[in-house]
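Note that the chains are named A, B, C and D in the order they appear, and that numbering of residues resets to 1 at the start of each chain.
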Amino acid sequence: MSENSANKFGFTINPSRLINYDTSDRKVRDYVTRKEPSFKLCFACGGCTAACTAGQYTSFNLRRMNTYIRRGEIAPLREEVTRCMLCGKCLLVCPRGVNTRNVVAVASEAIRKFERNEL
Amino acid sequence: MSAAVKHIIVAGGGVAGMEAAGALAELGHRVSLVEKEKKPGGHLLQWHALFPDHRPADEVKHYLNVRIKNENITLYTGTGVEKIKHHGHEVVVTLTDGTAINADAAIIATGFDLFDAHRKEEYGYGIYDNVITSAELEDMFTAGKVTTTDGSIPSRVGLVHCVGSRDEKVNNNHCSKVCCVTAVKQAIEIRKQLPECEVFCFYMDMRMYGPYYEELYRESQEVYNVNFIRGKVSEASVNINNRLVIKVEDTLAGRPLKMELDMMVLMVGMEMSKSGTLLAEASGLKRGVNRFLETGDHHYGNNLSSIRGVFYAGTCTAPMNITDTISHARAAVSETVRYLNSR
Amino acid sequence: MNSELFVIPFNFGLYFILIYSVVRSTIWFRNLSRADKLRLQRGFFGKPFMQSIKEIFMESLLHRKMFKRNAMLGYMHMSLAFGWFLLIVFGTIEADTFSARHFNPPSHSIFFRAYNPDHGAYGLERVFSFWMDFLLAFILSGLLLAMLKRFIPGMMGMKKTTKHTWIDRIALLSLWLIFPSRLLAESFTCGAYGSGSFLTGNLGSALASVLPAGDIAPYFWWLYSLALGTFFFLLPVSRYFHIPVEMFLIFMRNSGIKTGDKPSSYTEVQAHACSSCGVCISTCQMSYAAGINDMQSAYFIKGLRNEKDIAAITANCLMCGRCEEVCPVGIELGPMRMIERRQGMRDVRPLKFPEGYALTRKRNFLERVPTQSYSYLADEEPVKADVLFFAGCMTHLTPSIIVAMKKIMDSAGVRYHFMDEKGGVCCGRPLMLAGREKEARELINHNSDIIWKSGAEILVTSCPICYKVFNESYYLETRVMHHSEFINLLIEEGSLRLGYLHRKVVYHDPCELGRGSGIYQEPRTVISYVADLQKSPQEENMALCCGGSLGNLTLSSGKRALIAADAARILTSSSPDELITACPLCKKTLGQATEIKVTDIAELVAAALPRPIPLAKTRTKKILAKTENNG
Amino acid sequence: MKIDGKKRIWAEYQKDIPDDHFFYVRSCIRQTFFAGSEQTFLKIMRDDLGKDMFEDPRHTTCTGIGYHGDIVPFETIQTVVARHFALATEAGYKNIAISCVTSFGIYTEILETWKHFPELLAKTRESLYEATGRTFELPESIAHASDIIYKFRDEIARKAKYNLVDISTGKPLKVVEHIGCHYAKMFPNYGIGGAEFPHVLVGMIESWGGDVIDYPERRHCCGFGFRQYLVQANRGYSVFATRKKLESMEPYRPDMIVANCPGCAMFMDRWQYTIKEIDDVTYGHDGQGIPVLTYEEMAGLILGYDPWKLGLQYHNVQSLPLLRKMGIKADPALRFLAKDGSRLPEPANLINS
């Protein structure tokens, strides 16, 4: 559809960037919160992201990843979660004692389950 | 200090005025406490529970009422203060009902007005059902049930911070200080009353500056699963089911966010009170940033006015929580006494 | 004695378990890799054989390790195991000596007294029946202790004791019944015939004086036989299966079979060789410091045996390795857990009662697809250097260590390249600990490439976590050294001029460096060289974990703090001036748990440096020469 | 929804609209795509309401599209607008009636600017004089043409031949009103009803018997957005914005959309075809599309004008079902006839033709 319309009009309709909280799926969030309750404590200071080892090489941003989990934005989360090296450096930085490393571990597990409809 | 009994007029019977009057009467002075409403107590009257510990507001109301039960205090209600001027050794105070009272000194404690939510038209306060103010939510707590206008239990409530604060569009650049922690307190109370109800706070910054505030914030996440979204709500509308639809940027995701709500609570901030403004204009009192009364010195003269014998107490000078208001009122009393003795 | 029917339960049980054990071990053998098969064969017909026999005697019968740990606990196990062993041996001899035919069925000796009620009147018979009574008493004394232990674990230096399944309970009950019932059976018989020695004889006559002993005796022989039968029959599905399996394990281990990195019959044998004695539980800091009592190795192994869902247990372990040190059966608990962590998600179905007898396990794992991917890592510009310094992620949060190392290497004139000065790629160990082997490989390859291209002779790291993985999972010709080793080397070859600091210090062995990599001596040598090193209550192979371990994925910060506080309390009990460690993670974790200054060994040494004087470059040449000799 | 709340706001945002004598400035887009509308407006004003509307053929584009497209500098556009004022002054008119919302925005912006920066006014007078030798007075009032219809909405209602009512059921039609962004979002006080809850179209719809739909994306831009439309590669944003509005109003099953901005009417109509082509989606009752009318066309229908003289047939979404609903007799066969009665080619790809 989009190709021939592109040929026809020279453009396609832009996809939405909107986070639609009423349609997004928050099963992953609930799973992560259940498996790693400290996740709730994040107040998005970004300390983890500042310290992040993987963050020096790629756009990985744990703070934003947490936000995606909370909002049920699976697509960007799937992308984001793979980049972490699980080195655990962020654990030592978090002012709220969030078990950040396990948040990633659990999130990646949750994504897998989500894709196998096990959530 | 001189044993002579002096007469002091306290303009405004809110927290600051009552504390100041009580403290002066305690020292044996004669006090005329002037309150424009039917009964003293100010905004505290409509509060159900107080942050950060959810203590019943009645406890503080009770404390203040006992404080002003003193034969040295004459209470004038239903009349405001129109004008104060210094004359000879005295201050002359004109009430709104025309009567003029002479006194040795006066304390202005005219307090604040809550921001009128109508002025943020885009939030549709007074137009959409279920858009209410934090004060109205307190009434619901007092009534013991939080419901939408059709009487049903809300399944999702949003609390919008900084309504009328930190917003040059309504000509208020100041932070009202108490709204963030009030929002967190109210969010917890909603979750306590309606465990099934999702609660969201839409904030620009979380300003948890006081003792136990940060703890309350943490508790709201850890125990009550209150959600926080960093972004200023830009507008509200209703959909075909008469459910509120709000737009906000989720600044942490860097993307616009849309959410349906059953109830939207506007955390209305503090503004210089209208009565206080009129009084200041009539009496030629200087007003400072954001139209609150300008004090003699921000650091060591925070109760001093530009008129001899006239002092400031409480939120007529800046937004304050109850704790600070009471301390500020006591400071005003000590300034007043110092003035009276030095005369 | 008219009927002999009562031997039936015993015989049934005995022959069942004999056959079962043979079949099961054959299958285990068959499932071994070819290499391991050969190992085991050589082990059986070679030198290791005697070693194994000796070990079986020392451990399975005498329970030497148990004795070392706690005399009473040792005695308990010894009296039961060794006592029972002797009872069988001498029972057989007795039966053999005093019966008409030789080579009688086992039941003959087990129920000897039942067949020969009047036996033991005089001469050699007397001696024997005395000796048999003595052995029985010996066992019963142990049994008494065992029962006490159930109810007051504390008495044997055990902080916690294992919780059991209902099968274990029945097995336990039958085990407990065996000897009392034998005692009573024999006593009644002796009472009826006026035979028996100091125990059975006296008890017998006492009983006979009030009861019709002759009529009652058969019931107890039945009970005795039933107890034995039940016990034997339940053996494969109860914890007591460890008794035969442990011997098999000893043979396998002594023939040099290792756990490896995937499930095998060796891991299965290890799982079955666990006696759930609970020593691991009481050694575990998560238990006594953080009050977590259901995640320890005993439960891990039990879950593994019974196919339970142990995902949570598997993840919730510090991987400090203390339990492995004390395991009396010598199970490789660390590697066992790592294997489990490496497995993908699987649909778990706990075994129901009879399934425990199944001869082979089929564990249907889903192939674990990598959850992480580092395709974004680009190749880096190679830098030539003699010595590479890799600080490690954590070390970047303790800059004082980096500064110290720079000082030391400069003052020794080491020509080094700071590999991760701008923050490098993670070493991969944390991923391994999280069971993400494939992903870890990606990082390992990336780093290996940099190291190879550098052509460095030595790779120095300040982080034991990196150290372990560099050593074990990287293929390098570069010699890997933890900075404590490297500093020691510099001192030995005289490149460092150090003063003496008059400080009383205690050294904390980081798990990954000590138990993990066997580096105990070098740090101590270095520290004693510059300061007054005190002993700490628990060190070297029994050193404590600081609680910060990356081995544990799920432990909350609160619980970690509890462990750290407890460890710090013990480490600083002699109130030293400083607590020395050799790991940035330990430094950070312990630092938050004690008032006493926590210093990295590098910082300590740097403090002992004189004002830095540039030294001849030839120094490093010396180092390199030395390292070549070392291998 | 509390109507009192809205009334309260509408009360705050009222503006004085002169009663008569207007200098009318046309709109580039409206006269190109909705030629009938401007004709109708003048006809209504002159014939039905007997007002004096003056047009000067020398008046030009305000260059607003060029201005918002970053092609025309502010100085230039000020001078162009000044010239229009000059024409009005020369003709002796003090009230400007503006057909285009973009122009309306430009005019208000410039007048506000001059209020705060008199030096710019002086400079503009200079440049205009240098360029054309013209001088000008500032107008006493500027009104958007929709403001004027709004003012006379009740008078029109009295003359009405039809109402915004479904004659088969007697129920009011569901009408979506769309206000051009530049009508009040920049200067709320210049728009009737302000920026958040404009009343200008609501007033007409309600006094002509229709029901207004207040849907979540009511405030959202139609998608024109100048840069979004003018640069072909950006048109995806433009369509996206329109689709967002259509999706949001869809559940209310609207009978028509009315816009006071020519651009909005144009895009909300044409993009429905584009969306049909790309997404294969058409909105409205059983996929008949949602007719988009200008307020002039709406007023024309009310007053019983011939739909084909209004030019409804030149919309992409044809409005036959709507006309039927309102009980307006209109023969589809007569849609595409020239003045002389000869048949014009029928445009392709009309929705619900």
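By our rule, contacts are C-beta pairs under 8 Å (C-beta built on N, C-alpha and C of every residue); 3 or more make two chains touch, one makes a residue touch a chain.
Just so it is clear, the model here is predicted, and its values are computed rather than measured.
Novice: Walk from subunit A over to subunit C along touching chains and report the minimum step count.
Specialist: 1
Novice: State the chain with the largest centre-to-centre distance from subunit A, centres being mean CA positions.
Specialist: D
Novice: Using CA atoms only, can you tell me which chain is the most central one in this structure?
Specialist: Chain nearest the overall C-alpha centroid, as shown: A.
Novice: Mind checking the centre-to-centre distance between subunit B and subunit D? Centres are C-alpha means, answer in whole Å.
Specialist: About 46 Å separates the centre of subunit B from that of subunit D.
Novice: Where the centres are mean C-alpha positions, what is the separation of subunit C from subunit D, in Å?
Specialist: 83
Novice: Let me have the rounded angstrom distance from the C-alpha centre of subunit A over to the C-alpha centre of subunit B, please.
Specialist: That gives a centre separation of 40 Å.
Novice: What is the complete set of touching chain pairs?
Specialist: Here the touching pairs of chains are A-B, A-C, A-D, B-D.
Novice: In the complex formed with subunit A, which residues of subunit B make contact?
Specialist: Interface residues on subunit B, with respect to subunit A: 206, 217-218, 221-222, 225, 227-228, 230, 250, 252-260.
Novice: Subunit D touches which residues of subunit B in the complex?
Specialist: 118, 121-122, 124-129, 235, 237-240, 242, 245
Novice: Could you please specify the touching residues of subunit A with respect to subunit D in the complex?
Specialist: 1-2, 5, 8-16
Novice: Quick check: in the complex, which residue numbers of subunit C touch subunit A?
Specialist: 345, 369, 371-374, 376-378, 393-394, 396-397, 422-426, 430-431, 434, 436, 443, 548, 550, 553-558, 585, 588
Novice: In their shared complex, at which residues does subunit A touch subunit C?
Specialist: Residue positions touching the partner: 36, 38, 51, 53-54, 56-58, 81-89, 91-94, 97-99, 101-102, 105, 108-109, 111-113.
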